[in-house]
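Common to both upcoming complexes is subunit A, partnered first by subunit B, then by subunit C.
Up next, the complex of A and B:
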């Protein structure tokens, strides 16, 4: 994808979408993992300057977002009836 | 027979109005000219001191401050009030997104993209929350 440089707004939009998608999971563990993983990954790549690396990380994030959206739907078909102990 | 009609010229303002007046006095008198408007004249408030158009309730601001403090892991004594900007408290843009997510969950609202990007201070967040909660109900 030789598109123009990824803007800060797009990155934040991706971040927000990932966190929103994480909220849709019914399983507490997967929900927490998705949140944790996106926060860690974005913090780790916070200081990238090379635009090739930035766009690689961005497209990686986008594919992860697609995976998460799909899995949220699949998991909701088999939602656990009992809430996890960790949830209030 | 003296019918005791004591027409006292007392401060008999309705509780709702009093509460809203007090609420809007708090943020204004702090950020204002330095003179403390401690004289609560319920009916005689100078119009020019009402700079805040729709001040959020103090409990909302309090709750927002709590969430911000937890998210940014601020030390106990750090002063966080309505006027604190997120950047001053050490938050970067990722932190701001997380804070907005936390606020969405805490208040059960949904903030869209553009509104979320315009939030800079605690007061902005509280006002936006009030507006969305009102729209929801």
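Up next, the complex of A and C:
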């Protein structure tokens, strides 16, 4: 474990990036879920003190961000022509 | 040219600031033109003669669930460059697919407390159930001639049992109580020396009740009878453990838990070893101990989908509906149930009209109109639900991607529709006046 401790700034940046990416999902349910899941996960991990645990959670979040970024594009490519009743 | 347009569209999304709500409609038309399937007009579409202007909110998670984007993300590479056959032993393509299959296998094994060697991939829970019921009985046919199951099993288990009956096996279909739970004493009493299998599903697909798996497992251990369970609706929703339940076989399904369609798994215990006769030849090598060729690619995503944690909450829906309506009955046990599967009957309402009126909510029903048969659901009948109540039953399936706002909207729409139908109903008027409609002698025409 050579990596340095994760700074508060980096964590907040990851959090905001995830929320920003969540908003890019054109699917109502996926968009809301991604937001909810992001908030829940950060809340759940907010009291982590062990630096190994923090960096594990951080790198997990990073890879989830990559997934979300890719999938937001995939979803947009096949977006249905009509919206969910929840947005109509 | 097309690829250029697509690439520029992709770059656009990546760079776009996410302030405007128009983004939700996603991307430039260039992408839509080059990649999307033929698009209808933006405002509405017509399907089955209905003009639909918005996608209904989806509350039919027991039918199938949406694929989790994380699952799709894990699967996509195996539909692109990594298309090898996991059985190809001579090149990279085979090796990387094989690795993906093995990863999926151990993820699934972890979920149910099994060893990866005990997991076989199938085309779905239906195939797993067929292999379990028919495969076990045919393998041990010299000594074992009897199967115990329940009246509320999935169609594919019941049909497999019927098939066995035609071949001379005997089957006991255990009745269930009003709450949909099997009576353990009756189960114990039905086991005979030549019983070769007990098959009871963990969570019922129609009414969501949870059977006492541990207790059934104990009885099976006592009589040394293999225990099979269809856990397609249970995995990811209730704790599943093959040792605590003492199951010898367990059927699992990908698409019920945000995984890929067309992929399932079968758990087959190694100690003590349970053997089955293959139902399909050639796809399985070594007595069916290998996964089917076709399952490999998608199974890369399977384990991910099954790693469920967050699940639906039917309480909110039930409380919402109960707060505003009388004559609402929950079908099946209220205590022993998976909360994301709520089966409700609305008294004095005609089922078909209710479903037609609920066109903004995608739900399923136990009434005749949604299925091929004219009879109401056999599961509800096994519970002893009156025919009129069975005809007005609706199954609400809540899942990982359902929002609280959707549940509230579903409550609002259901209440509205039921109120409207009751207002028109002479039956409801008579009940309000205190007439017992069960006593009415209807004249024949």
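The criterion applied here is as follows: the second predicted complex is superposed on the first by the 86 of 88 C-alpha atoms of A that agree within 3 Å, B and C clash if a C-alpha of one lies under 4 Å from a C-alpha of the other, contacts with A are read in each partner's own complex, and residues count from 1 in each chain.
Basically, contacts are C-beta pairs under 8 Å (C-beta built on N, C-alpha and C of every residue); 3 or more make two chains touch, one makes a residue touch a chain.
Bear in mind that the values here come from a model prediction, so they are computed numbers and not experimental data.
Colleague: Looking at the overlay, what does A:43 touch: subunit B (first), subunit C (second), both, or neither?
Modeller: first
Colleague: Check the residue A:83 against both partner chains and state whether it touches subunit B (first), subunit C (second), both, or neither.
Modeller: Only subunit C is touched by A:83; subunit B is not.
Colleague: I'd like to know which partner A:32 touches here: subunit B for first, subunit C for second, both or neither.
Modeller: second
Colleague: Please name the chain, subunit B or subunit C, that touches the greater number of residues in subunit A.
Modeller: Of subunit B and subunit C, the partner in contact with more residues of subunit A is C.
Colleague: Using the touch definition from the top, say if A:23 reaches subunit B (first), subunit C (second), both or neither.
Modeller: Both subunit B and subunit C are touched by A:23.
Colleague: Name the contact category of A:13: first (subunit B only), second (subunit C only), both, or neither.
Modeller: Touch status of A:13: first partner only.
Colleague: Shared contact residues on subunit A for subunit B and subunit C?
Modeller: Common to the two interfaces on subunit A: residues 20, 23.
Colleague: Quick check: in the complex, which residue numbers of subunit B touch subunit A?
Modeller: 92-94, 97-98, 100-101, 105, 113, 116-117
Colleague: What residues of subunit A sit close enough to touch subunit C in their complex?
Modeller: Contact set of subunit A toward subunit C: 20, 23-26, 28-33, 36-37, 40, 64, 67-88.
Colleague: Going by the contact rule at the top, pick out the subunit C residues touching subunit A in the complex.
Modeller: That would be residues 10, 13-14, 16, 18, 23-27, 31-32, 35-37, 39-45, 52-58, 66, 69-70, 72-73, 76, 310, 360, 400-403, 405-406, 409 of subunit C.
Colleague: Going by the contact rule at the top, pick out the subunit A residues touching subunit B in the complex.
Modeller: Subunit A residues touching subunit B: 8-9, 12-13, 15-16, 19-20, 23, 39, 42-43, 46.
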